[in-house]
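Each of the next two complexes has chain A plus one other chain: chain B in the first, chain C in the second.
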Partner chain A sequence: MAVCHKAARPLARCMQTSQPPCFSARSIRQFTTTSRRDGEVATVPETEPIVYDPATVTSRKGEKALMKSGVMPIGSRRRRAALKSSGNLPFEQLPYQCFQEALKIFRTDREEKLKQIQTERLRISNLEAQDASNVKGGEVQKQRRLVSMRSHLEYLKIQADINDPLIKKRFEDGEGDMNKPIYRYMAEKQWRKYQQLLIAQRIDQFNIVPDVLPHFEPTADVRLAFKQRSVQHGEYVDSRVSEVPLRLKVQVFDKGERLVSIVVIDSDVPVSEEDNFTSRCHFLATNIPLSPTITSIPISQLPKESIALPWMPPFAQKGSPYHRYSVFVLQQQPGETLDAAQLKEAVQRDGFRLRSFKDKYKLDPIGMSIFRSTWDEGTAGVMQRAGIEGADIEFKRKRVEALKPKQKARGWEARHSSAKYRQLWR
Partner chain B sequence: MLLPRLQPPLRAAICSIGRSSQQPCINEAFAALNIRAASPTLTFVRHASHAQQGAVNKAKDGPGKRLGAKKSGEQYVIPGNIIFRQRGTLWFPGENCGMGRDHTIYATESGYVKYYKDPEKHPKRQYIGVVFERDQVLPLPRNSVRRRKLNMLATQMEVPPTIEEIEVKSDLVLKPKKERKVLQLRPGYMYREANWEIGRAAERAKVKVKEFKPRDRWTAWRKAWARKLVNKDKRIVGQRKKK
Partner chain C sequence: MAVKMPSHTSITRLLSPLVNSFRTVSLNPSASLAKPSTIRSFSTSSTHLAPPNKNAKQADPRISLIRYHMQHPKTPRPLKLSRMRALRHWTIHRAWMLARRKRKEAEENELQRMYQSMHSACEELRLMDPPGSKDAGRLYRIAMEKKGIFGHGGVPIEYARAQTDTPAKEPWNHEWTR
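What follows is the complex of A and B.
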């Protein structure tokens, strides 16, 4: 404090405290004979209304005031208190010693990993440039080494970023860029934890594997929706809901764009003449682009050139057991395109076999989803509008005759009903 | 029963004869060999088990439970027919067969019984299955399409199904979202309308209610009668009438 300030302190204090109340506007007003006029109305000095920030309000009074005005406070009270007290610092600059030390360790580790990535890239390029005759083991061994080196490079890329708290936060908020390997890795890990187990269980429970395909391991996350309604794997879907084409959301976890085909198969079409079941294809489309960033496939918005068999609404005749509808996403060979017009001629809806179809056109199933359908009130209408016959057919269970012989009639009347005893009945 | 021991007195007598071998007379020797009668205190013996105990501990054998195969291989069965009765699982249920709570194997489809082993399913187990053709072999090849029977007849419906007229909208047209009220945070962390708003819901819906007249028993009776008529049909099945 400057010397002048120290000297003036007693005087200043005196000036501040000795403001007599008689100097206020209220008391100076003189006596008047006439009544009070509008201009002379004594007003209470108004304090400015406190403006609460929805991101940092912590008091209950402030929250109530905000909600009354129609603005909701953001996040939990704890979050708001933390934001208020931290002075709006970026997360990685928060002044907690342990946290900062950990971040230091992580950063040094990341530097090391980046150097390793660089050296690995150099090694790969050197090996690629080398002639196969110079490499021990020839071309085969060279390719093997390149494959293992590339997989190690991918591993290093993940390890460089996996410990970053901001990357974790971005992924959890859904802001991760799927073109980067770390976000794809985290998305796949999350999928394998639950959703992949769920679809594998459905494939086993509904016998998709022996009936539709001999072997199948899903590698992509496939979700279905009809209009705004999402469909869980194996859920019963009303016929009126599935009358419109479905919307697919497919998340692949390996990089690169590829073309896929979509097939919707009904595996439980009843054939009463043969006392058997066949399958039917309800939808077939090809040459649909798919990548880790392009995930949405709305079937109704696909170009006409891609659709080989247009959407036929799922239906189940009355009395038949539930129909399983499997939606398969099949990856085409890199660079290969299928002709939808040619497929339309070649592929029959009835008796469609996915095994032979995928072998013929060299397709690789990467993901699937499933829903079920039974007879309900709207099925007849759906069939009529789609021009499908058979809405008035009902399936009834066949009677199984018992193996044991019919019981003979009992009683005196039964024993004496033959011609021998005609006299008794006259 | 404690049997008095005879051996020790006999042994003692013989020993005494041996000891006193200087006796010349045979009669005196015999006299020395007098087996003393059991002393006033008898020595009784207890053996480990007795007759009653032995009879109780005999191996049990009750009436036979008629277990075993009831249908032989390639015999025709219908759903529900018991194929094998057993204690535990000597045989496991295979294709188109089920297992009951006492491990009874029964058929779930009409067909022919097959007894087989499937090392790919389990290396040690043996299975009973039902096939639709007599010459079909079990186990089926791995990951082959399941053989199923419809077991249903397609018949014409007597009354054709009612077809309701609905307008099919494409999935691009989204319904305008219903205008929802902004719900307030109430005590107890509930997001709902205020109580006074709930109280005035009838007013908003313009529900018309006749004013209650306390002495008008005719209107009151009519209302009560109408309510009872409606509630009569709502009685839950299984609920007993209160006496």
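What follows is the complex of A and C.
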């Protein structure tokens, strides 16, 4: 019994001293005698319409309100809840231990690479300042060493940035500044993974290489479009679509601005007299500026001085097999400009040979794309509008008679179908 | 078949009933779950007594084994990382590869340094006396001797274990004592 009392005493004290909050509130509150009606008119509390942030809205009501106002909430609901509760840290400060250690490793490596870049730059400048007679191997060896040192410097520049997740993200989002070597490097790597293989396959499939040029290795990414319709490499393009001049998007991966020429060649113009095909130039333009950041070349908006041969719409006469139209981007020698008016006189549309053209004007093909064209319902109209004759010509294959005699009919029925076997007829 | 079944492991799954059934080859698609329709005659005897249908398409046992293991409740599901998570994963992976490479390069450089220092020491020995003198290269030749480097009458420890194409699961017992 005594034990119970001992146990109960602190409990009793606890119950006596503590007051339930509801009682205490009632005892504290003042009792007003006047009624509210006698006082001021109670104003409806003005609640401002709550402005929801599209990045952090989590409630269904908030989402509906945002969507009604025309703004879409950004990301998934989980993402928005995470952003709301996390304090909006920038990516590289996220408190994941392994990630932070990885960033630490990356940062120390970057410091080392920057030091190496500095020493390499110093070495290059020292070697350049050296007289060729002091260098072992003379001028030739000096230049070779400089070339390899410069390529090593480029390698170090890439290695300093390649492990950075923010740079990777920026590149993947398409916000990379193409003037920086790391973004150019990543763009080239992405191009070589698929698109370069694709264009190389098309060049091989359509025999561009022996027909138009003896050797060609693309080093720039060339994409075509007619108005808003993009063209895959080798795609059939309707003649009405290709009536307007095309738009080019060329991405080069080495730094610096350069001038390019653009040529559009039809490789399959039929020549019925020779039973063969010849080529024709549909478009020629020169002195077009191009750089890693200037990628868009709309032909219809080029200045008149650049265009040597204006756009002739592609047409394939009836009966001829599909025509291959190759669009070549040729880089001019640094500092050299070509005279478009002189080219207009010198270059013939029919029988155009890209080999001799590029050798004569010292051009270097860096990229190409290709599309095809056949006879369709609109070709006649296109030719008539462009003032090209020959829409009423239909090409037909010459029938070649075989030298060997026609094969006799096989089978019992065939052999016994003549009048001699009348009695055997069914 | 009396098979001891420990807790669910991959070994258990290898001894699954599905694998056991492959030994008996025949896989009859049992119609045990088919509801008896009003049109068809109703049979009260067990379906296992019915003869196996020879025209039934034989399911490829390899495919059904793969599907069994893919659909097993204990198989972990494939990971789908969000963009930020994937970027962190990539960063950590690259940092790990970088750290490994640095460590390997440091070890190789150290070995190279040791080898080169030994080499230059031997060169020093060799060129200590002028050529043509009585003791030219004597110390160098003594240094190149390999007598007794494995103890008295000993062989290199590498002779103790022959290299094989298919080594044992425990190729070397490091805890062995006499």
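Just so it is clear, the second predicted complex is superposed on the first by the 331 of 426 C-alpha atoms of A that agree within 3 Å, B and C clash if a C-alpha of one lies under 4 Å from a C-alpha of the other, contacts with A are read in each partner's own complex, and residues count from 1 in each chain.
The rule is short, and it goes like this: contacts are C-beta pairs under 8 Å (C-beta built on N, C-alpha and C of every residue); 3 or more make two chains touch, one makes a residue touch a chain.
Computed from a predicted model, the values in this text were never measured in an experiment.
Participant: If chain A is used to align the two complexes, do chain B and chain C fit next to each other or clash?
Facilitator: Superposition result for chain B and chain C: fit.
Participant: Check whether A:Lys227 is in contact with chain B, with chain C, with both or with neither, and answer first, second, both or neither.
Facilitator: first
Participant: On chain A, which partner touches more residues: chain B or chain C?
Facilitator: Of chain B and chain C, more residues of chain A lie in contact with B.
Participant: Touch check for A:His215: first (chain B), second (chain C), both, or neither?
Facilitator: first
Participant: With both complexes overlaid on chain A, does A:Gly378 touch chain B (first), chain C (second), both or neither?
Facilitator: Once the two structures are laid over each other on A, A:Gly378 reaches chain B alone.
Participant: In the superposed arrangement, does A:Arg60 touch chain B (first), chain C (second), both or neither?
Facilitator: neither
Participant: Touching A:Lys406 in the superposition: chain B (first), chain C (second), both, neither?
Facilitator: It touches nothing on chain B or chain C.
Participant: Report for A:Glu101: first if it touches chain B alone, second if chain C alone, otherwise both or neither.
Facilitator: So A:Glu101 only meets chain C here.
Participant: Identify the partner contact of A:Lys420: answer first if only chain B is touched, second if only chain C is, both if each is, neither if none is.
Facilitator: neither
Participant: So after superposition, what is the minimum Cα distance from chain B to chain C, given in Å?
Facilitator: Scanning every C-alpha pair, the shortest chain B to chain C distance is 19 Å.
Participant: Both chain B and chain C touch chain A; at which residues?
Facilitator: none
Participant: Contact residues on chain A for chain B in the complex?
Facilitator: Of all residues in chain A, those touching chain B are 67, 70, 207, 209-211, 214-215, 226-228, 240, 243-245, 247, 270-272, 275-277, 298, 300-301, 317-320, 377-381, 384-385, 391-398, 400-403.
Participant: Give the list of chain B residues in touch with chain A in this complex.
Facilitator: 76-79, 81, 110, 143-146, 148-157, 160-166, 168-172, 174, 182, 184-185
Participant: Which bits of chain A are touching chain C when the two form their complex?
Facilitator: 79, 91, 94, 96, 98-99, 101-103, 105-106, 109, 163, 165, 168-169
Participant: Where on chain C is chain A touching in the complex?
Facilitator: 82-84, 87-88, 90-92, 94-96, 98-99, 102
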